[in-house]
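Got a structure for you, written out below as structure tokens; questions coming shortly.
Chain nomenclature is as follows: A, B, C and D, assigned in order of appearance, with residue numbering initiated at 1 for each chain independently.
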Amino acid sequence: MHLIKTTDLAVYAGNVELLQPLSLTLNKGERLTILGQTGSGKSLLAQAIMGNLSESLHCEGNVELFGKSRSLSERKALWGRQLTLLPQEPWNALSPLMTARNQLKETYRLVRGLAESAARTRTEEDLNQFELQAGADKRVDQLSGGMAQRVAITCAMAGGAQVLLADEPTKGLDISRRDHVVGQLKAQAADGVLLTITHDVAVARQTGGRVMVMKDGVLLEEGLAEDVLSTPQHPYTRALISADPAKWWQPPRQVFPEDSEALISARQLTVGRGDQALVSGLNFTVHPGEVVGVVGDSGCGKSTLGDTLLGLIPPHSGLVDRQKGISAHHWQKLYQDPTAAVSHAVPLNVLLTDLVQLHNLDATSVPALMARLGLSETLLQRTASEVSGGELQRFCLLRILLLKPVFLFADEPTSRLDPVTTREVSQLLVDLAREQGCAVMLVSHDPMLIEKRCDRVIQLSA
Amino acid sequence: MTQLLFKRLLQLLGVAWGVSTLTFLLMRSLPGDMAYRIAAGRYGMDAVDTTSADLVRAELGLDQGPFRAYLQWFSDLLTGNLGNSLVSGMPVVDELWHMLSHSFYLAMAGVVLSMLIAVPLGVATAWWGGWFDRLMLTLSTLMRALPVFVTGLLVIILFALELQWFPVAGFGSVSHLVLPAIALGLSLAAVSNRVVHNEARKVMQSPFFEFARTKGLSNWQVLYRHGVRNLAVPVVAFMGIQLIMLVEGVVMIESLFSWPGVGHGLAHAIFARDIPVIQGAALMMGILFVLLNTAVDIACYCLDPRGGRLQ
Amino acid sequence: MRERTLMNARGLGLLLLTVLCVYSFGTSFLFAGDGNSQNLNHILSIPNAEFLLGTDHFGRNMWLRLADALQLSLFLALACVLTSVVTGVILGVLAATRGGWIDRLIDMLVTLIMALPGLVLVMIFASIAPGSLLVLYIAIALIQWVEYFRLTRAVIQRVDTSPAVESSRLMGFGLWYLFRRHYWPVLAPQLLTLAAFGAANAVLMMASLGFVYVGIQPPTAELGQMIVELFPYYQEAPWLLAQPLLALALLVLAFHLCGRRGADAPD
Amino acid sequence: MLKVISVLGVAGTLLLSAPLLAEPTKENTLTIKGQFEFASLDPTRRGYVFQRMQVLETLVNVDSQGNLTPGLASKWEVSEDGKAWTFTLQPDVKFHDGSSLDAAAVVNSLNIARAKPGLMQGAPITGIEVLDPQRIQVNLANPYSPLGAIMANYSTAILAPKAFDADANVVSVIGTGPFTAYEIAMPHKLVVERFADYWGKKASIEYASYLTGHRAESRVLQVRSGEGDIVFGLDAASVPALRMLPQVNILRSDLPRVLSIKLNLAHPMLASKLSREALSLAINRQGIASAVLRSPESATAQLLPSYMSDWHIGDTSAEQDLKRAESLLLSEGWQKNSDGWMEKAGQPFELTLITYADRPELVTVATALQDQWKRIGVKLNVNVTNSSAIPSGHQDGSLEVALIARNYGTIADPLGVLIKDFGNSSGGDWGSMNWSKPAIQASLGQLVQQNDTAKYRQQAQQIAKAIYEDKPLIAIAHYVQHTAVQKEVEGFRFDPYERSYYLNEIKWNR
């Protein structure tokens, strides 16, 4: 008997089709991964199966669970007990004011119906098994992204559900956390069914089982993980796989001798926010045109270092000495979330002309730069909320290039972008450094990306 | 926490001093001869004449410059004596005690009533929505469109005249407190029930509410275990803001229901230029305001420690 | 669906406001006669051809008097809101960006004003120059700017830490540019809502003053005062009391509807 | 201090009616709703509430026609030279604390009252002394006939010795009246309880409560809801509606109080008699009386009511005559300017009238006046402030016009008040202002010694005529008081001199 069987399951917003009719079956012990870029209707599939689509959408087709086709209300009765969903941002999904331990115990007591003492022991078992004791008595906002995700998984499974739908389980996590989370998913859903939805090829490879590749709500390719990922048939799948940094071409690294012209250097530098010091004893020099990578776990002080170098916050101790005689607006920063770094009030070209007028730059070089960055004139008529993350990041780059910067601190510029755009934007950064002799410090939690793009790496330990 | 308390204590002293001095300056800048006004307050509006005004001026030493009067008042304040009312000669502390206790009962009754109306209504409208929500929205907007004394009159006409359940005005027994509390409670609830509605809707549409549901908890369990606490934070914070609106209503309702509260008393003290009473009342209200605000801030912090350290 | 109800709520509000404005300002041009001229042997009459809304307890033409009262309320609401918005925003920006002792100083002043009940402060001001509408307007504006100050400071403190502002600062833009591109677009919608509720409160505050016989000297027509004067006749001539009540309710309702944006803002 | 009073009140009850622990309940308490607060325990300050609720009594009482009748003093005689009044006290009168009333107690209470501001300071009293345990004597510098009426005023109420503390402040209201003070919650509420050993007619109802209701609206609503057994100070506007209530009687009573306009005769525009005549003629007294005061027959052009016959002159008209008024002004040299205001030598005929909102009808009458004077081109600005603005405006000469409600019945014989208001050239706070008429002022002074009733009447008529013609004060209407009495209350009668509610004559008829 199939645990999950959907026939022509489709999702519509009014009469616009967001997800093409899709039929799939999953038996006990099987694993399926839906792979595709963000915003391709993947999570709608999970919500359609689960039955918690938002009011404005409706779905067609039939959903069979545990061998019997279930209406919406019947599926709701299965929530937690047979069928469970792991939502995208786990740190928003856990109740903000309750400790992790209580949220877990609550599920055992109320969903599993265990007595108080039995629920407590089962909770302790889970906490030990998944090494969650450290964050057990903390609130969600005090947990790291990885820890919050793992707590969410245990809570979701505590109800004894056999079918686990995991929506983007590794989004925003560091590489080391990612493998840990995928391992836990596979362990907990061992004797049931695991349907994973992700944009990360490595997660698909690690989960194994079958893979479905989707783009804009359309199923492109399907098959066993090993076959599809090693010999992709569909061109989109091939582009998706080759976007993985591990597959990028490795350019020759430029070496800058010690005595060559120093742009900015740190002497016994300690950086921190407020009264809490994060990293100490930093000594390095950055030369014009050099691309330096900065790697470290999230929260280890990467962006704090950037702000200190740019003079936005004072160093705790030690010295940052910059080359004299360079005006302030030549030291620039590229942000992780482009939508938060640009004003949404006016169209992009207005922002551009503001900048040109402020420093009365020569606007003649703008068209060439725009072509180089793949930005069309019509795109600039729109405001920041009407363009994609990738386009907006390229617009930020355009503004920075206009200022002819000597130093650019790029703080995880591609973590929010999908793989294909990540490759283009990171390549643009390297070209900027080489052509304009501008020093670039590139921050990322993906060591492979840093490996393929930077001349040398600064490792920040937690 | 202690750092907060110390800071708020300083603020308390500052506000108490500031408010009473502000009222002193304002009252002293009012036109008309104070002695006459106090005489009118003492002997009644028909019997006030120059001889009684001169006697009052002599008795109370009103000829002394405002600065010396202020110093005199300030030195008394340091010894904890708020002076005597110019009109009745009674110690200000006693008059204020009588007025403040009554205003306190009315305010508390009003707030409790408004919460009893606003919270269930807000949550229900957020939960069901649809026509019920629209009906409550129009009702509360209409209620907010009326000045408080009109609400008071409607409440009297309905409960006291038609139904004869409660006395129209006066004080002394609990039954006297009911109608003013209903009038005040309704005017407050008209605003707070929409705030509760919005906050409840935000909680019900939040991801943690959805995850608790998909985790297997029933609607009621989620609302009870997660919804209430997360809802309490913004609602308690709003109660801090509503304090200011509360006092407006209290002044109106007290004069309509002849409730001997501080709002009503202050209005008379202003007309009769009874400066010590006004200063004393302003002092007490300033202190009460800071204390209540601190209490609300602490309550918010305990409910939701995420707000970082208390400033 | 949400967007549509929002639009027609605000549309209804604006429509109501224009109707009231047309009635109040239009009447003084179109209709001759003066709202204050009395006719003591023709009091409490039922609305008829000559007196469209009947006559009040002095025999004055209610149609004209209500128009004058609405004019006064509209004018006062507009003046109070404008003054308090301008003062509140300027001081808010100053406190949020300069911070330090300015912030503490204004904060102390704000706490002082909020500690005293607004109505009592207005009463004291009103008795400084009895009957002058200027003093009334100053007093009400003095109380209301506090709300805008607190909103502006909170919004700017929040927006100031956003990457967009940091990036603009890095690019060399000044405070005025930050205000125009970053602060104002976030502030404007919330200010509009607060201004609408502020206007409503100004009108209600003046009406409450009429209730305690402060501020308004005869023969000025004011909605609150009219309600108080006509209340004793609620049995004899209910249609008279209904007019100022309805006018006040519609005016305040119009302001509230204009202020509606998605969530009903707590004032 | 406050808590002490209520404790004392409670203790009083326990002491007096120890067997049955009576408590004021809805059934046994007569609820009275009044207009005015009582700001202190001291009768010299607004003590009328304690007198009306019959807690305190005075030596002399007044009947409804204004004649003096025996109170705590059974009889009194005046010496030939009119400089000594001897009062004989009622026999075996008990104070509320059980002590008996004797001459020493009365003299002590009167001397304390005399030291404080009050009506006694208007009289030329040189001393008050004990003749024997039952008789006291008041010595005067010169004869003063209104002394008897002063002894009927609340400020001369008799308190027991224990009522005062060391420095003569009143700490507890211990009087001789048919009711004792059961609970006092200053300044709004007073509950009184029946005093078993009262010397006169004992009360039949057990408790009575007096509550101050500032708002005319709430008092009207208390009548409608039946909560107020007796409600005073009903505003004229709501009377027609209240008459329709089945369970309530609305009593209409004339008061010796008059609504009048006080003019500052030193003001250039008000100096000439003809201008004042014009202003008086412009007033539509009939319209104001019927439309604003809702009592058509209260319109009058004279200060004193008809039942004070000596002071009431016959041939006076209260008609409005706009044409004649305008012609009078034109004859005075005023010309109407472009926008309708009278003007002379560039100066518009503009006056500022002050009045006070404590009496709501004053504001409405001022509004009516404003419109009526506008018809003859006189621009009247109305400034509603506090009643004290009138005496202070009189003193510093800033007062131009004032609308006042003057009570000529505070002392039974109006002579005392008239002397105060018109007795000298600078006038009185509530009387004339800068009206110098030496002959009239002199004859007013002599009337005090005039015992021959015929001569008294002839001089009084002469004075009244001069006031009517010269118009230092322009009368508009005399006061009509409306009181609502629930049908279940029997035996209530209204005292025009507002000295007593006669609670001891009231019975329930349920």
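We take it that contacts are C-beta pairs under 8 Å (C-beta built on N, C-alpha and C of every residue); 3 or more make two chains touch, one makes a residue touch a chain.
Source: prediction; values computed, not measured.
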Please state, in steps, how far chain D lies from chain A along the shortest route of touching chains.
2
Find the most central chain, measuring centrality by the gap between its CA centroid and the centroid of all protein CA atoms shown.
B
So which one's got more C-beta contacts, C-D or B-C?
B-C
Need the most distant chain from chain D, centre defined as the mean of C-alpha atoms.
A
State, to the nearest whole Å, the distance from the C-alpha centre of chain C to the C-alpha centre of chain D.
43
So, in whole Å, the Cα centroid of chain B is separated from that of chain C by 22
Chain centres from averaged Cα atoms put chain A and chain B apart, in whole Å, by 50
Between chain C and chain A, distance of the C-alpha-averaged centres to the nearest whole Å
48
Which residues does chain C have that touch at least 2 chains other than itself?
231
Interface hub residues of chain B, defined as touching at least two other chains
153, 255, 271
Every chain pair in contact, whichever chains are involved:
A-B, A-C, B-C, B-D, C-D
Where on chain C does chain B make contact in their complex?
108, 111-112, 114-120, 123-125, 127-129, 200, 204-205, 207-208, 211-212, 224, 227, 231, 245, 248-253, 256-257, 263-264, 266-267
Using the touch rule from the top, collect the residues of chain A that touch chain C in their complex.
310, 312, 328-329, 331-333, 335, 337, 340-346, 351, 354-355, 358-359, 396, 399, 403
Across the complex, what residues on chain A touch chain B?
50, 52, 79-81, 84-85, 87, 89, 92-98, 106-107, 110-111, 139, 141, 152, 155-156, 158-159, 161
Given the complex, residues on chain D that touch chain B span 1-2, 36-37, 39-40, 45-46, 48, 117, 121, 169, 185-189, 211-215, 217-218, 221-222, 224-227, 356, 358-359, 385-389, 391-392, 394-395, 405-407, 410, 428-430
Spell out the residues on chain C that touch chain D in their complex, using ranges where they run on.
36-38, 40-41, 43, 57-59, 130-131, 213, 217-219, 228-229, 231-236
